[in-house]
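Presented below are the structures under discussion, each in the form of structure tokens.
One chain, chain A, appears in both complexes that follow, with chain B as partner in the first and chain C in the second.
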Partner chain A sequence: MLALLFILFAAMAVGSALAMVAQRNPLYSAISLIGVFISLACLYVMLAAPFIAAVQVIVYAGAIMVLVVFVIMLLNVEQEERRRKRLKFLVPTAVVLAAILIAEVAFILATVQDFRGSPTEGDIAVGVTHSIGPALFTQYLLPFEITSILLLMAIVGAMTLARRGGLLPPNARVIPGAQQLPLSLVDPRAEPDDLRPVETNTTEEAARLLEK
Partner chain B sequence: MEPQLSWYLALSAVLFTIGVTGVIIKRNIIAMFMCIELMLNAVNLTFVAFASFFQDVTGQLFVFIVMTVAAAEAAVGLGIIIAIFRNRESLDVDDASILKL
Partner chain C sequence: MDTAIDIALKFAAITVAFVVVLLIVAYTVLAERRVLGLIQGRLGPNRVGYGGMLQPFADLLKFILKEDIVPDKSTRFVYFLAPVIATMAALMTMIVYPFGPEIRIPFTSITIPLVIARFDVGLLYVLGVTSVGVYGIALAGWSSNNKYSLMGGLRSAAQMISYELALGLSLIGVIMLAGTLDLAQIVELQSGWHGFRWFIFFQPLGFIIYLTAAIAETNRVPFDLPEAETELVAGFHTEYSAMKFALFFLAEYINMLTVSMLATTLFLGGWNVPFADLLPGGRGTFLFGLVSAIGFLLKIVFFLFIYIWLRGTLPRFRFDQLMNFGWKILLPLALFSLFITATVIFFWPNI
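Up next, the complex of A and B:
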């Protein structure tokens, strides 16, 4: 029974992963990757690790993939165009590397002695929060703190990188509500294509100008 | 028949292989990014399998930390992707061969 479930989830994972690599549209790739994450979460449940399964769904399938899909839609990504002539050697390289790794898998399956034991017998309480929490906050406190510093660095780095920089000179004063309007918009006597800027300092001032 | 440890290791190796192949074949930077996520997940599966079969919680803590690193990587990586797209108007890795933005 468990073997059948393993085969089902493994087939789902491998199939979704293959679909992800085969797709040309990044959005379809992202959906397939979510399929991989969900089937891996099912496998974690089979391995008696319910906490990791929940975190997998929440963090990976929830947060990270939402971020990726958001960026894909934000950038309006085109379909991957056909391969150009150069770098054509990459496909044979990939196939050879894949063949080597698959041979390693066959080696594992054929020769490695199976570990006697099973996740469902013995102490079940390994994968629940009751055993993860104390270990995380006592024995592994230092990695935990390093992780929090890493997250802080990631927040600052992402904000710095994704900020739209370079529009304002470094010593510019930013006034809330200040904006520039083209002259033709606020003055009916001006030429329709007169785009000389008129500056206002507040939103109310801009509204008064527009009403004239 | 119960699933053995080697089954999980083999599945993990297959998933990692698919991820490596994707990183080599793909040229869209977001698709390569997702293939890297797939490789991280393959390693996570190994950690959880060993943790369960050896009845030791350490492997699951490693998975926890790998997930955090993946989240940080996603945030910074997508920020870099957005910055590259603003400057290059393209997501092709061949177009992003110069470090200067």
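Up next, the complex of A and C:
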């Protein structure tokens, strides 16, 4: 029974992964990747790690991939053309990486003899919420905190980089409804072809400016 | 052999649960139309069956018989997939809620728990599955090849990501009080004080934040911008007709039910009915189980009524107001509530 389920979920994971690489349409690739994450979550459940499975779905399938799909939808990325001129170094790199992977699998198959060692109580308790919480906040507190700060820095960094350059000055606030209007439209005293942009932060502000 | 019987029983239980959920949804739709009629000073549908009781089935028949129109330039596969994802994600959460205590079947010694699946991480399972549901709406918007649909899908994705944070943070207070993610255990913990030790009394702010964020997550008034009919025709499901539209409709109402069930389970004591343990026989009897299950149902009905009431009362947010409210008011409030809870638990761990 368990073996059947494993084969089912493993096949789903591998199939989705292959589909992700093979698809030309970026949105289909994204959907396939979601399929990979969900199949992996099912495998985690089978490995008696329900917490990791749930987090896998919430974080990867539920949050990160939503952003990816969001961006693909927003930019409306067209179906990628079949590129004739590939990056030259990719093929040898792929061959080397595949060789390393096969070598790893062969090594594991050769050295690990006992597949059927039954798990002990301690093994089973690893993936459960009650064992993850204490471990995260006692033994692994420092790595946990460092990771948190790293993520925070990444967020701040992303915002700083996104604000630098582009249309907005560094001190501009980014608010939904913000728009730029040409000066000639806002100010009647300006030259009729003066297209210098005027920032408005909200739709209300834009409407007020236009009324003047 | 025993496992085979177990699996068959689980399948049967899940089927029954789905049928019950669909019935509740059908009558929620009817109740919504009748109550809205009441609020707006008109009658609402009252002709099919006694007081309109057969209206949901008439609607269903209409949905099935209507022509199913597929837009010519839609992305076929995704267009068909989207309503399936939305409905499946909504239905899948229905199995983890404990709707009653363990009961002993009369005249036998068999005790059964009134919950279909009990997980160690039941709460996370609900959050995970519902967070997958957003793809249904986003993909529907994208695949319809219609700018209104796309806008609806984008709005929905942005809104759900924004409000998920406040929603998750408002639940952490309850998790800290309970010390577990197992929904059945969370309900058990609220059975003190003659079944009145509900977590809403310890987490009033968390409850309000949860309810607000959850209404936004389900795309209902006043947060129904993804389907704002004054701006976007019908939003993400503009191009959907007949049964595929019905599936989105179904998903929305099941999500409302999910929110009501989760709010009941986490904040209003789940199946705990005040002073039900003073009934003859005390806890564990069939009578106690029945009263508890009815109490659970009534609490859900209460939340569903709040949904309908809000729809009849409140106007819609504007999109920038919605984002400002989510990020600048709800999220800091949720953090504040979390901070207070953590401080109190730190100094008085036995509360």
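Following the convention adopted for this analysis, the second predicted complex is superposed on the first by the 125 of 212 C-alpha atoms of A that agree within 3 Å, B and C clash if a C-alpha of one lies under 4 Å from a C-alpha of the other, contacts with A are read in each partner's own complex, and residues count from 1 in each chain.
Going forward, a contact is a pair of C-beta atoms (placed from the backbone, for glycine too) under 8 Å apart; a residue touches a chain by one contact, two chains touch by 3 or more.
As the structure is a prediction and not an experimental result, all values here were calculated from the model.
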For A:131, select first, second, both or neither according to whether it touches chain B, chain C, the two together, or no partner. first
In the overlaid three-chain picture, which partner chain does A:40 touch, first (chain B) or second (chain C), both, or neither? first
Could you tell me if A:12 is touching chain B, chain C, both of them or neither one (first, second, both, neither)? neither
Tell me the contact category for A:63 with respect to chain B and chain C: first, second, both or neither. both
Now for A:55: first (chain B), second (chain C), both, or neither, which partner does it touch? both
Is A:75 contacted by the first partner chain B, the second partner chain C, both or neither? first
Which chain, chain B or chain C, is in touch with more residues of chain A? B
Please work out whether A:31 is in contact with chain B alone, chain C alone, both, or neither, and reply first, second, both or neither. second
Where does A:158 make contact in the superposed view: on chain B (first), on chain C (second), on both, or on neither? first
Those residues of chain A which chain B touches in one complex and chain C touches in the other: 51, 55, 63, 67, 74
In their shared complex, chain A is touched by residues of chain B numbered 1-11, 13-22, 24-28, 30-31, 33-35, 37-38, 41, 44-45, 48-49, 51-58, 60-61, 63-65, 67-76, 78-83, 85-86, 91, 94
Residue ranges of chain C touching chain A (in the complex, touch as defined): 3, 75, 78, 81, 119-121, 124-125, 127-129, 131-132, 134-135, 138-139, 141-142, 150, 153-154, 157-158, 160-161, 164, 180-181, 318-320, 323-324
Once bound in the complex, which stretches of chain A touch chain B? 2-3, 6, 10, 13-14, 17-18, 20-21, 26, 29-30, 33, 36-37, 40, 43-44, 46-49, 51-52, 55-56, 59-60, 63-64, 67-68, 71-72, 74-75, 77, 80, 83-84, 87, 90-91, 93-95, 97-98, 101-102, 104-105, 108-109, 112, 114-115, 117-120, 122-123, 126-127, 131-132, 135-136, 140, 143-144, 147, 150-151, 153-155, 157-162, 164
With touch defined as at the start, can you tell me which chain A residues reach chain C in the complex? 1, 27-28, 31, 34, 38, 41, 50-51, 53-55, 57-58, 61-63, 66-67, 69-70, 73-74, 128-129, 175-177, 202-203
